[in-house]
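There are two complexes below, and they share chain A, which is joined by chain B in the first and by chain C in the second.
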Partner chain A sequence: MKGDFFIVWEHRTQVLDGLYCTLFLLFFSGFASIVLGVLITPLLMSPKRFLRSSSKAFVDAMRCVPFLLFVYLIYFGLPSLGVRISNWSAGAMALILYNSAYMAELMRGAWQQLPTSYIDSGRAFGFTGWKYIRHIILTPVFMRALPMIGNQMIQILKDSAFLTVIAVNELTHELNGIQSTYFIPFASFLTALLIYWLICVCMEFVMSFINRYANERRA
Partner chain B sequence: MENRSQKKVLQISGVSKSFSGKFVLSDISLDVMQGETVCLLGPSGCGKSTLLRCMNWLEIPDAGSIFLTGQRIGVKEGSTHKMSDRELAQLRAKIGMVFQSFALWPHLSVLDNISLAPIHVLKRNAREVHEQAYELLEKVGLLDKADAFPSNLSGGQKQRVGIARALAMNPKVLLLDEPTSALDPMLVGEVLAVVQSLALEGVTMVVVTHEMEFARQVASKVVFMDEGRIIETGEPKSFFEYPQTEKAQRFLSRFHGLQSH
Partner chain C sequence: MSSYDYYSILQGALATVSLSLISILFGLPMGLGLAILRWSNLPIFKDVAYFYVSVVRSCPTVTLTLLIFYALPQFGISFEPIPAAIFALTISTTAFNCEIWRSSLIEFPKDQLDAAYSMGLNRWDRMILVIFPQIWRQSLPGLFNEMTLQIKSTPAVAVIGIVDITRAALRVGSNTYEPLPPFIFAIIIYGLIVYAFILIQRYVEARLAHLGYL
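Up next is the complex of A and B:
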C-alpha cells in the first residue's frame, strides 16, 4: 500500500500539471460565470417580458440538464455544427455556461430579497435603467449572494472533474491515468480526493476573508 | 415674511388613490410654498405617508395632478401620456427624500452615500460634490463618520446621513417620511434638531410625523388627515390650541393624554 502512494509520488509532476489545470479551470470558469451571471441577472428581473422569459428559459434549461450530458453535447455537438474547439475550450465553455445560470439564479434570489426601501431610495434619487442597476442594485445583491457564490465555486471545482470524459488534462484525468497504468486505484483516487479537499479548505478560508469585508457592506 | 412674493413649490390638486378598492387618498389638494415647513399629521393609516410618496411618484395617484414648481409630475406636458422613466427621474432628482427606515445604500461609505446621486444623476464634478458632502456632514455633526459604513452607525446617525444625502441634491423640496419613528426615543432629539435647523434656514419641507411637540414648534403649516382626507389645515398654534373639527380634537386629546402619564 505504501508502495502505491510512492508510485503516485514519483508521478508528482503529472499530478501537479493536473492540479494547475484544475485550478486554472476553476478560476477562469468561476470568474467568467460570475461575470456572465451578473449580466444575466438583470435580464431575469427585467420589466420587459421578452428579456425575462428568454433569460429564464436559458437558466431553466441549464438547471435541468445533467452536467455530464451537457459536456458531451458541447464537445461532440459543436464540431458537427462545424465549430472546432479544443478539449480544454469545450470543457471551460461547458463549465461557464452551466454555472453562469446558477450564478444568475442565486443573484436573482438575493435581488428579490433586497428591502424595498433601497429600491425606493434609488428611484427617489433619480436613478434609472443601467445606472440604477449598476450603482444601487448590483453591489448589494452581490454582497448578499457572496456566501452562495462561494458554494457555487466549490460546485465548479467538483464539476471540473467530469471533464475527464472529454480528456481535459485536469486533476482527475491525470490521476485516473496513473491509476490505470499501474493498477493502483485506491492510492490514486484517494490522492485526488485529498487534493480536492485541500482546495476546498483554501477556498473556504478565502471566502471567510471576503465575507468579513462584505459584512460591513451588508445591511 | 408677508411681503415676500411666495412661490408655490408643490401644487397638489384633486389627488386620489385607492389600494384594492379601498380609498387611501381622496381628493387631496394642498399647496406647499417656498420656505414652508408643512407637517402632515394624523392617525396611522390615514394616508399621510402615501400622500408624501405620491409627491415624487413613488406611488402613482389614480387621479389628480401634482406640479413641482410649475412642472407636472408623471404626465407629459400638454398630453395625457405617461412620462418616460428618464423624464421622471430628472424630476425626482429635484425632490429630496428622507425615509423612515433610512434606506442608506449599505455598500457605500457615508461620503459615497451622500455623493453618489449628485455625481451620477446630476453629473456634477466629483470634487465639488465631496466638498459639499463634508460641509453637510459638518452641519449634521458627523464629520468624523465620512468613511464609516452605514452598518457601523446608530439609527440617529443613519438618519442624519439620510438628511445630508437628500440635501446634497440641492432639492427644491425635502420630503421626510416619519424620519424619527424607527429610532430609539433617546435618538429622536438629534434628528429633530437637524430638521429644525433646516426649517430655520428656510428649506422647503414636507414632514410626516407623530412628534406633536416638534410639529408645534417647527411647522409653518399643519395638515391634519384622517381616512384619506384632509380634515383640517392651519397654523400650528391655532391647530394645537383650538382645533376646529371633532376628529382633530379627539386626535390631539389622545396625545395630551399620553403626555400626562
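Up next is the complex of A and C:
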C-alpha cells in the first residue's frame, strides 16, 4: 500500500498538471460565469416580458439538466451543428454556460430581498437603465449573494470532475490514468479525493474572509 | 431515432429514478443519524461526523464512484456496478442530508428541550416524542431540494457502466451518428422527472398544511 502512494508520488508532475488544469478551469469558468450571471440577472428582473421569460427559460432549463448531459450536449451536439471546438474549450464552455444560470438565479434571489425603499430612492434620484443597475443594484446584490456564490464555486470544482468523460486532462482524469496504468486505484483516487478536499478547505477559508468583508457592506 | 431508441432511453430513466430513490431512502435516516452525532457532544463521534461531511461534500461524485468501484476490490470488497452506484450515491446524499437535518436541529427551540428535560423524558423519548416530530417539518423543503439535486447527480455513476438516461442517450447517439435528438429527448425526461418531484413536494406541503402539520 505504501508503495502505491509512492508510485503516485513519482508521477507528481502529472498530478500537478491535472491540479493546475482543474484550478485553471475553476477560476476561469468561475469568473466567466459570475460575469455572465451579472449580465443575465437584469434580464431576469426586466420589466419587458420577452426578455424576462426567455432568460427564465434558459435558467430553468439549465437547472433541470444534469451537468454531465449538458457536457455531452455541447461536446457532441456542437460538431453536428458544424462548430468544431477542442475538448478543453467544450468543457470550459459547458461549465460557464451551466453555472452562469445558477449564478444569475442566486443574484436574482438577492435582488428580490433588497428593501423596496432602497430601490425606490434609487429611482427617485433619476437612475434608469444600465446606470440604475450599475450604481444602485449591483453592489448590494453582489454583497448579499457572495456566500452563495462561494458555494457555487465549490459546485464548479465538483462539476469540473465530470469533464473526465470528454478527456479533459483535469485532476480526476490524470489520476484515473495513473490508476489504470499501474493498477493502484485506491492510492490514486484517495489522492484525488484529498486534493479536492484541500482545495475546498482553502476556498472556505478565503470565503470566510470575503464574507466578513461583504457583511460589513451589506445594505 | 427509432421507437426502440426512445424505449432504451426510457429504460435508462427507470434506472435513474430507482437508483436515486434507493439512495435517498438510505440517505435520509443515515443523514439524520450523522446530524444527531454532530449535534450531540460525544467527543470522537462528533469529530468523525464532521470530517465525513466535510470530505464527502467537497468530493465530486464521479471521483467517489470511481474510488468505490475500483479501489475497494483492493481490500477484497468487490461490488457489482449497481450496488457500488447505490453505495456511492448514498454516501454523498447522506452528507448533504446531514447538513439539512443539522440546520433544523441547531434552530430547534431551547425551551422545547428544557420542557422535555423537566418532564423527565429519557434520551430516546426526547428524540422520538419531542425533537423529531418538529424537525422533520422544518427540514422538508431542504430535503426535497436535495432529492432533485440527487437525481441530477446520478449520471456520475455512468462512469462504471450503469446505463442511466445520460448513458442511454449517449449510446443511441453513437449508434445513429446523430447525437442531438437523443440528448434533447433525455433533457425533456430529466425536466419531467424534476418537475414531478416539485409537484410531489407541493402536494405534500399543501396536504400537511391542510392537516395542520406545517
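Criterion: the second predicted complex is superposed on the first by the 219 of 219 C-alpha atoms of A that agree within 3 Å, B and C clash if a C-alpha of one lies under 4 Å from a C-alpha of the other, contacts with A are read in each partner's own complex, and residues count from 1 in each chain.
In this text, a contact is a pair of C-beta atoms (placed from the backbone, for glycine too) under 8 Å apart; a residue touches a chain by one contact, two chains touch by 3 or more.
As the structure is a prediction and not an experimental result, all values here were calculated from the model.
J.: Report for A:G126: first if it touches chain B alone, second if chain C alone, otherwise both or neither.
T.: Only chain B is touched by A:G126; chain C is not.
J.: Touching A:G150, do we find chain B (first), chain C (second), both, or neither?
T.: neither
J.: Where does A:N176 make contact in the superposed view: on chain B (first), on chain C (second), on both, or on neither?
T.: A:N176: touches chain C, not chain B.
J.: Let me test your reading of the model: by the given contact rule, A:P185 touches which partner, first (chain B), second (chain C), both or neither?
T.: second
J.: Taking the superposition on A as described, I'd like to know which of chain B and chain C A:Y196 touches: first, second, both or neither.
T.: Only chain C is touched by A:Y196; chain B is not.
J.: For A:G109, is the partner it touches chain B (first), chain C (second), both, or none of the two (neither)?
T.: neither
J.: Which touches a greater number of chain A residues, chain B or chain C?
T.: The partner with more contacted residues on chain A is C.
J.: So, does A:I136 touch the first partner chain B, the second partner chain C, both, or neither?
T.: Only chain B is touched by A:I136; chain C is not.
J.: Looking at the complex, which residues from chain A come into contact with chain C?
T.: These residues of chain A touch chain C: 61, 63-69, 72-73, 76-77, 80-81, 154, 157-162, 164-165, 172, 176, 179, 185-186, 189-190, 192-193, 196-197, 199-201.
J.: Per the contact definition, I'd like the list of chain B residues that touch chain A in the complex.
T.: Touch residues, chain B against chain A: 56, 58, 85-86, 88-90, 92-93, 95, 97, 99, 101-108, 116-117, 120-122, 149-152, 165, 169.
J.: Once bound in the complex, which stretches of chain C touch chain A?
T.: 54-55, 57-64, 66-67, 70-75, 151-156, 158-159, 165-166, 169-170, 173, 178-180, 183, 186-187, 190-191, 194-195
J.: Which residues of chain A touch chain B once you look at their complex with the stated criterion?
T.: 115, 117-118, 120-129, 131, 135-136, 139-140, 143, 215-219
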